[in-house]
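Common to both upcoming complexes is subunit A, partnered first by subunit B, then by subunit C.
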Partner chain A sequence: MKVFAALILTLLGTSLSARGAEAIAVIVNIDNPTKALTTKQLIDLYMGKLIAFPNGERASPLDMPHDSVLRREFYQLLTNKPIGSINAYWSRVKFSGHAQSPQSMASSTEVLQRVRDIDNAIGYVKLKDVTNDVKVVYTLAQ
Partner chain B sequence: MLNKHSLILRLAMVLVLTSLIVGVSAVKYYYQSIYQQEVDKAQRAIEQLHKTVASTASIAAYLKDKDLALEVINGLRKNDIILAAVISSEDELLASGGEHNPHTALPYPLYHPFLADDVVGYIALTPAQEGIQQGARNIAQSSVTLLLIQTSTLLLTFIILAYFIIAKPMARLSAELKQITAGSNNRLTVPFAQHDSEIGEMTKSINNMLAVAESHFSQERALRSEVQELGNRLQLLFEHASSAMILATQQGQIMLYNASTEKLLARLNLSICDSLFELVAQAFKDGDTLVERIRDSLDQDDVARGEYQLLNDTTGQSIWVHILVTRSYAQQQQSYLQIFIHDISSHKQQLAHLNHAASTDKLTGLLNRIGAERELDKRLAAQQNVTLMLIDLDGFKPINDIYGHDAGDEILRYVGQQLRQNLRKDDLCIRWGGDEFVVVVDALEKEQAMQLATKLHQALCQPTTLSNSEQVAVGASIGVAVSPRHGGDFKSLIVAADRAMYGVKRGDKNAVAFAAD
Partner chain C sequence: MSLSRCFLAAAALLCKPIISDAAPTQVSGFATLGVSYTDSNELAFRNDVSDDNGKSKQADFGSLSRIGVQLHKSFNEQWALTGQWVLKRQLDYDLDQLTQLAFINYSPSASWNIKLGRSALDLFMMSPYRNTGYAYTETHAPVEFYGLIPHQSIDGIELASAHATDEGTFSSRWYYGHSSDHLSNLEYQWQLDLEDLTGVTLAFEQHNWLLRLNHSQARIGGKEIGHYPQIRQAAQGITPNDWPQLAALLGNMNPVGSRLRYTTVGARYDSGDYYLQSEFAYIDANSDILTHVINGYLNIGKRWQEYSLQLGYSFTDGKENNIPKAQAPSLLSEALYREIERSYNYYINDQSTLSLSGRYDFRADMAAKLQVEYVDLKRADNQFMLRQQDMTAQDSFLVLSASIDWVF
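What follows is the complex of A and B.
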């Protein structure tokens, strides 16, 4: 009965996300001691304010290509702002050179690979693409 | 022109003062409202500036990016209305510029660029207060200048107009009015273009008043000349009256007297004195008695009159006057005494003359029968005893017949003369009628009476020479009677004497006889 209900929910969730955006997972290396991140911590990491994980380990945020849909959806869900604002933010911040923008990856596969390879990497992929060898620390969904 | 009490000057001063008070309060209020407006405007502008830089400043505070913050501040400071700006994160100052004033600075919170509710820092903007004030002052000043120009222009225009429309015409009217004598036929001219204005109305009213005054004046003049005329006539009457007239108070204080009074007093060698009664007492014979009588008469019926003799004049002539004193009442129970003294000396003299003529025989100058009766009655009434002799001439008729009436008259005159010469002054000699004479002397005894009668007889019988040179002589028969022996009145004495005289006539004639008892 419970399995059935979960299945219905999953189906419902799938159908709903199919209309808008799919759920996005923020992933870290499986060895990263961080168990979960708050929204604020995540925003601060991606906006160049925080450069380390809560344990003090330096963080290296990974981004999707500049004009990818996932990137747009990620920032939309995270900050509730259009991608243009994020781009404008970076164009201002980069100019002064104080904060570093996340490193751009070519694809989700590359993001996954990088997270698997590097201990302090943090990235985001569609929830459905998450593999077992990475750790989800935050989930964004509508 | 304008003095310090001039209406226009006063008006102008009040207007200027009012304008000043209103102007100053208006300017103060205006400056404050302009200043407030400018401050509000500046605040709005600062608000807008804040909004413009808010996102960048937020990023700078968020990332604690000092360079970015400084850039924002430098950008802000290019605005005149910003004196100083400070950006700080929650725990440190990121950048500042200008002289930050914590009292006037407007602080705005800077929010997390991605989490709307999180405050990440502050931006404080200090407005350029001086500049705002100066701006407000400039605006207020130009407004005040405009107000001042407008007000002073209005004031000046008003004062000039008021001077020409009100003050000058009024001053001219006043000057014109000064030249006009009340009662004359001069009138004010209505000032130019003021016919229906208040000044015009006032001018007309004044002219009406002048007209009324003129008519009153002319009426009064006419009345005055009438009164003067009357006065002149009264004076003429008073001064030229032949009677002496005196006006005195009730107490006898002399108030007024005419020329005739002075003339009369001058004749008596007296001069006017203050008191009427004193004057009367001095001027009249037995004056004190007269004064008493005048007082009594006045008390009884307000008038005293009578004929009285004054003192003899300087030439010794006696003066008789008719005096009339009346009490007349003026207003308020005040009474006056009017005295008229009329000289009746000549009238008195004339009367005496007539009296004398009526009682005198023209031919002989002796008393006639009327005069004799009056005189004798007087003496008898005074209980005076007399001796009466009745004389009838003998031989008179022949002389009259022979030598004519003129000779007869001469004889009669001669007899009269003889009688007068042989009698005393107080004795009465009377031509009884025709050739009859009567003599009345004081009471005598028979002897003495007979002696006197004989003496008279001898005197009468003396021959006389007529004017025609004829020498003639008459005889006389005389009857003698005495009172009270032969009667107490004139008639009975005459009858007694006549009887005695007829006794002689019937006898030898030409003799004297004593009346029988």
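What follows is the complex of A and C.
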């Protein structure tokens, strides 16, 4: 009976944590004229199809480490595809010589700092980590 | 070799004035440790017709295994250099053969891109990344579609553009240059040069869909196939009365100078859980040795997070040349007939393959794959597979393959 109860609690816990995944904010430099991005524009930008802001200016997308949970959640929410297929997609683009994958940052702190420093940088962090000196242009949530 | 030297010289020139703005060189790569097993006594699986090695009825670790390293240096937003070197089983291992990519990239805006040097040949959908096993679910690209043209890169110029609208993203790619690789089989290798290679790819992406159209043309250059002079010499032993059509057959047998045309339509759908990819190509030439070939494939797959399962079907079919035989048969005329018939129908390999592939992404940068294929050859003397003896019969057999694929 205890084992059964533990199993129920485990399943319930998994379900709650999945449902409770935190919202992710896509951020740009505070001086960037972009006010908001559409889902399609963000997919184009993060999948190397057209790495530019809506005004045509070149963008410099930032990513999280390959094995990070935030990266997995970001691409799952953005494209509805598992991270394995995203990695396979980028290996196609990159090793064809068509585009370079977004620059990988070590942490959200580094992403925030880079977005503050570089006009055309774009990154993603948890919504709760967003500071006042960057601009949110898109929010992903379950 | 000269291309690599040009690339290095250009790199040195470019590095000097703008090195202060340059980002660090990005080093990345891919590797596949693969094995295949062909359940046939006469034929061995090979990835494409350039492979002159291969094993029947035993494990072959060379057919799929390879390692590639890519260096990318961005000097500023406009200028970059990319080089890629791939080591796999091939005829030559000099720097020119190992170099897959070596180009200077100039991007005047986010929408436009110009590459000069050796870039990926965008002939078919998977052509530019066939070496990167991690990029696809199956252990290798469909042989019936991709096996006939081993060329994967082009020395020349490529212009690419991308434009986004609310409806979708339209991209185009235009290229001109030349490409070289080998056709090989049991008894010979032939360097197939594609000169004046000109092509355009138009692609439209909308939500989960990609539609792609390519048309390319090339003139076959290089030298005549090595043993053709011997065939002509042997033919002197046959009088025109015994084989009236022989002179015309020998005169039209040389493919050098012929113009090849490739037209391809392709589509991909990927919803995350389900995906499909399909391409159909029509290949023809103004030559008696290649009237036309139609080939295609359809892959349908399902993903469960780290696991993928894919069912594939691929085929090739062409218009077979009926070669008239000698009116007065002899041992010599029979041997000549076989060689001439083979030359005229080299590209006509009527066959199909049904495949089942499984993939497990056990790490963010590694995947394990397993594949079983049922190959059905509807015509004898097959050239796609590597013949283990001079003549091969019509046959059906299994090919098993497995691989570990890694990107870094």
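By definition in this document, the second predicted complex is superposed on the first by the 122 of 142 C-alpha atoms of A that agree within 3 Å, B and C clash if a C-alpha of one lies under 4 Å from a C-alpha of the other, contacts with A are read in each partner's own complex, and residues count from 1 in each chain.
We adopt the following convention: a contact is a pair of C-beta atoms (placed from the backbone, for glycine too) under 8 Å apart; a residue touches a chain by one contact, two chains touch by 3 or more.
It should be emphasised that the depicted structure is a prediction, and the values quoted were computed from it without experimental measurement.
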Fit-or-clash call for subunit B and subunit C when the two complexes are aligned on subunit A: clash
Which superposed partner A:T131 touches (first subunit B, second subunit C, both, neither): neither
Dominant toucher of subunit A (residue count), subunit B or subunit C: C
Touching partner for A:R92 - first (subunit B), second (subunit C), both, neither: both
First (subunit B), second (subunit C), both or neither touched by A:L50: second
Contacts of A:D67 with subunit B and subunit C, given as first, second, both or neither: second
First (subunit B), second (subunit C), both or neither touched by A:K40: both
Partner chain(s) touched by A:Q142 [first = subunit B, second = subunit C, both, neither]: neither
Partner chain in contact with A:S104 - subunit B first, subunit C second, else both or neither: neither
First (subunit B), second (subunit C), both or neither touched by A:I83: second
Touching partner for A:R58 - first (subunit B), second (subunit C), both, neither: second
Of the stretches 79-87, 169-177 or 457-465 belonging to subunit B, the one that collides with subunit C: 79-87
Subunit B and subunit C footprints on subunit A, overlapping residues: 40, 49, 79-81, 89, 92, 96, 98
Touching residues on subunit C, where the partner in the complex is subunit A: 26, 28, 30, 68, 70, 72, 74, 77, 82, 84, 101, 103, 109-111, 115, 119-120, 128-129, 131-132, 134-136, 160, 162-164, 166, 169, 171, 205, 207, 270-272, 275, 303, 305-306, 308, 361, 363-365, 367, 407
Subunit B-facing residues of subunit A, complex: 39-40, 43, 47-49, 78-81, 89, 92-93, 96, 98-99
In the complex, subunit B residues that touch subunit A: 56, 59, 62-63, 65, 67-68, 71, 113-115, 118
Touch list for subunit A against partner subunit C, complex: 38, 40-41, 44, 49-52, 56-59, 66-67, 79-85, 87-89, 91-92, 94-98, 100
